[in-house]
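For reference, chains read A, B, C and D in written order, and residue numbers begin at 1 within each chain.
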Amino acid sequence: MGYSYILTLSCPNRPGLVAAIGQLLFELGYNITEAQQFDEPDSKQFFMRIVFSAAIGEATAPETALGALATRFAMKWTLHDTSIRPKVILLVSKFDHCLVDLLYRWRIGELVINPVGIISNHPADTYEHIDLHAIPFHYLPVTRETKAEQEARILELVDATGADLVVLARYMQILSNNMAAALSGRCINIHHSFLPGFKGARPYHQAFDRGVKLIGATAHFVTRDLDEGPIIEQDVERISHADAPDDLIRKGRDIERRVLARAVRYYVEQRVILNGNKTIIFMH
Amino acid sequence: MGYSYILTLSCPNRPGLVAAIGQLLFELGYNITEAQQFDEPDSKQFFMRIVFSAAIGEATAPETALGALATRFAMKWTLHDTSIRPKVILLVSKFDHCLVDLLYRWRIGELVINPVGIISNHPADTYEHIDLHAIPFHYLPVTRETKAEQEARILELVDATGADLVVLARYMQILSNNMAAALSGRCINIHHSFLPGFKGARPYHQAFDRGVKLIGATAHFVTRDLDEGPIIEQDVERISHADAPDDLIRKGRDIERRVLARAVRYYVEQRVILNGNKTIIFMH
Amino acid sequence: MGYSYILTLSCPNRPGLVAAIGQLLFELGYNITEAQQFDEPDSKQFFMRIVFSAAIGEATAPETALGALATRFAMKWTLHDTSIRPKVILLVSKFDHCLVDLLYRWRIGELVINPVGIISNHPADTYEHIDLHAIPFHYLPVTRETKAEQEARILELVDATGADLVVLARYMQILSNNMAAALSGRCINIHHSFLPGFKGARPYHQAFDRGVKLIGATAHFVTRDLDEGPIIEQDVERISHADAPDDLIRKGRDIERRVLARAVRYYVEQRVILNGNKTIIFMH
Amino acid sequence: MGYSYILTLSCPNRPGLVAAIGQLLFELGYNITEAQQFDEPDSKQFFMRIVFSAAIGEATAPETALGALATRFAMKWTLHDTSIRPKVILLVSKFDHCLVDLLYRWRIGELVINPVGIISNHPADTYEHIDLHAIPFHYLPVTRETKAEQEARILELVDATGADLVVLARYMQILSNNMAAALSGRCINIHHSFLPGFKGARPYHQAFDRGVKLIGATAHFVTRDLDEGPIIEQDVERISHADAPDDLIRKGRDIERRVLARAVRYYVEQRVILNGNKTIIFMH
């Protein structure tokens, strides 16, 4: 066994960049086992994800050398030790299909996360049929009057647990601008998507009224503009005139849970790099 | 050989309706070879498509009896003799991928239509690489000043040919309200669709800027509100951060041509029934 | 409130058939709320699914009249009272993704079944993280020597519970010919599918070795020829050269659970009619 | 403007490999604009595709230096000058949907190829509705007796034109082992695929008889075992019990043409690297 890291970086593209990174990791004693890069033609910005590893005792810790390289090339970078599971807090409301799905994928080892908390605005017995394991459950009810206070409590929990990622697993509450800003870049939401898009309440009923033939879901980073953050993943299913709103909601559940699960997996596997209001997704 | 008809109808749902239709066709000497129905729970409206046939000399012409039945049940109905190919006019601009595709499907017998005219705001030599067969080609250039006149000429051609259907095969001109109204229910348009939707010019560039992960196309009936008419068919393809606007346009061409071709086929096979701002599509 | 039934039938196609069924239900006092039919051109066989309902006290029980009609037209038919949930037995082995998924859909009311038993060749604590509710759990280990005996015990449970449907939710045991025959037409299995197909053990590894670009799953009725029974539903997902066998297995789980769930729903909603070695699926 | 190259390579994975390639291209004066790599865990084989470019006069021709590097790392490699269009020969029979589609994509600039010949076992007037432009057309009829001779003539044309790629665009003739061997690695075929697979004649009719719910197509390199060569691309569409064999054939045409077009594009963009009986496809 040995060390294994995932490095992600973005910086202005410059000749010699790939050579410099490759050379540095080689000299430190690492072997590159996976690498993906993207050169954005317009902005001349360069994005890269590299997985590298070494046998214990045969390589030098990479942080210092990477820091120097990053300074030289004006890189934004993150380094992730793959032996450490990202800490995740799940926010949920009454609908539990995404929660159940994420916990299942975690339990069987598909989603390599460390769930450090579940927060709901509904009491624990809402989830009595779900094995929450030893994950701390926090019942934080919210009203218009207590919203600021409740959000402050959520942020305290995020801080106290050191959560790397907050997942809005059908949380159904609109985050305040302050809250959205505080979680910027580390909070993923799932919401319905349609062709054309619909604003406002009861979107599946709106889609039904419009007679669309496809419904979908979008997983995205949370920003101040709630449903407009950088998109991570989307998917759709076909519907017909014979599908009632309840059928749309049923199909929507299936799309939502798989789209959110993929987005969370991309995030914890360090496959997502922010590029302004867009994302680079280094899927294999 | 014999007669074969497709009947489509819509009316308020009433007990005895299916029995009455079945009984009438039986008494007239026809055999039902295909039937699809849809009962809309909310509006209590009933929709049906029936294919029926008989050997020559063994059945009575159905129009009169159906007319009486239609009166009794307050039906809107259409009766299509399957030996008659629907007459179709194709409107096209510079981009010819939908035109080429529709003509190909017609030539090999997949799309059973009678193309009675091609109208373009570009001259005939724009399409020099396409075998237009003996289909009359009409070059009708248009400017802001001549738009009313040009549209009047198009409507004259629609009338003169007795066209059942006008297909905007990437026509790229916005129809006037009058024109849209005149073609209501018999004019199909294809346009790009995205999650979320984008208004205005250069939609593929907007989608690129937004970083969507799926792009799509929608075929719909033309109404006054150009891109908001009843939807007939939609489809999508997956894209990634590495797809440039040109890649989106390339993938868009593939989606557009297959979505439009399906919509036209559904229409000519009498599979589409209007239901307010929605469609019933009796696919098999 | 009132009565609601689903009638499915198949018989040789004859003029007057639809009229006779419609007339009979009308006379009995029922309203047809959904109807789908299919006329197979080659065999001249007719298939139909009809949902009909009446207010209590306003209609006659339909069994006797339908029986007479069935005799007249040589129909095979089933009549399902929609107030009665089909009884289902789930067979499962070590992999529990389909079990978890089916139980979840049942719990939230999406899958309207009555689960009367779970049978596994693994002990109950294998499923300690799953809320099995009050569903009787039967641990029936099996070896080559005890297979006949174990299968007899399964069939006893099917008989004793009056199960309408047996679902092999990744059961992983090959049923004997006798067992398969005994459950014919009321047992659904899920298995992996690939382009091209692979026989034998470790199919995902075979697919990996072959370099396929799509993997899939098939839900089908069990027959003596294990993986060759009438197909109910299939779906696929895209894979790439970078997907290791474990990635294929992960994606396979997602496909398997949704394909099996759809097949079970079609079955319990009486949407599946057997047609020799094929199925008619009356989806809406 | 300047030079632009695509380098593809495969070799045993070794530390320092990426660094060495990056360093060399940097020293030669090139900028890497696209790079994708894949490290196969089992075989420890390394695969890479690199796009690099330089302004004219600012870089050294890369062949010699790359040759030396290739020797050092035991690389198989190809270098493609992007200003040179790959020469392609199209083989076709009676069904022309793939031919029409490929020629259209070439005409509008989507498929950057140089079509140096069309070979058919049917005479030129079979394609009278298609603008073959100035592409040389070769009518090479074939019978059991003349097969060896006809194939020899095809290979002569491949040699004489210097074709980089031979596309069997629904050619419908089984190549001899010798012919397949002679074209190994540079000949792409399209054929139907189903779940499960079917051997022998009239596969769409077999699929219909089996009652599959999905049909598909596979584009693959030709090898001696005709339909078993390395897979490049696959896709499927959904069918139902109501689809007759003719509907399957119609849907099959759509799948075949888009799958083949993608495979050809991947090939001409140097995105395909052979890995034994599998392919690495560096899609973006």
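Here is the rule we go by: contacts are C-beta pairs under 8 Å (C-beta built on N, C-alpha and C of every residue); 3 or more make two chains touch, one makes a residue touch a chain.
Here is each chain with its UniProt name: A, B, C, D = Formyltetrahydrofolate deformylase.
Note that the structure is predicted; figures quoted are calculated from it, not measured.
A.B. asks: Taking each chain's centre as the mean of its CA atoms, which one is most distant from chain A?
C.D. replies: Relative to chain A, the chain whose C-alpha centre sits farthest away is B.
A.B. asks: If you tally contacting C-beta pairs, which pair wins, B-D or A-D?
C.D. replies: Counting C-beta pairs in contact for B-D and A-D gives the edge to A-D.
A.B. asks: Roughly how far is chain C from chain D, going centre to centre by Cα mean, in whole Å?
C.D. replies: 41
A.B. asks: Provide the C-alpha centroid distance between chain A and chain D, rounded to the nearest whole angstrom.
C.D. replies: 37
A.B. asks: Listing for chain A: what residues touch at least two other chains?
C.D. replies: Counting only residues that touch two or more other chains, chain A contributes 41, 240, 242.
A.B. asks: Should the pattern of chain-chain touching be classed as line, ring, star, complete or other?
C.D. replies: Graph shape here is complete: every pair of chains touches.
A.B. asks: Can you list the chain D residues touching chain B in their complex?
C.D. replies: Touching chain B from chain D are residues 97, 100, 104, 107-108, 110, 129-131, 133, 240, 242-243, 247, 250, 253-254, 258, 284.
A.B. asks: Quick check on the complex: what are the chain A residues that touch chain D?
C.D. replies: Residues in contact with chain D: 13, 15-23, 25-26, 30-37, 39, 41.
A.B. asks: Which bits of chain A are touching chain B when the two form their complex?
C.D. replies: On the chain A side, the touching residues are 38, 41, 193-197, 209-214, 216, 218, 227-228, 230-236, 240-242, 244, 275, 277-281, 283.
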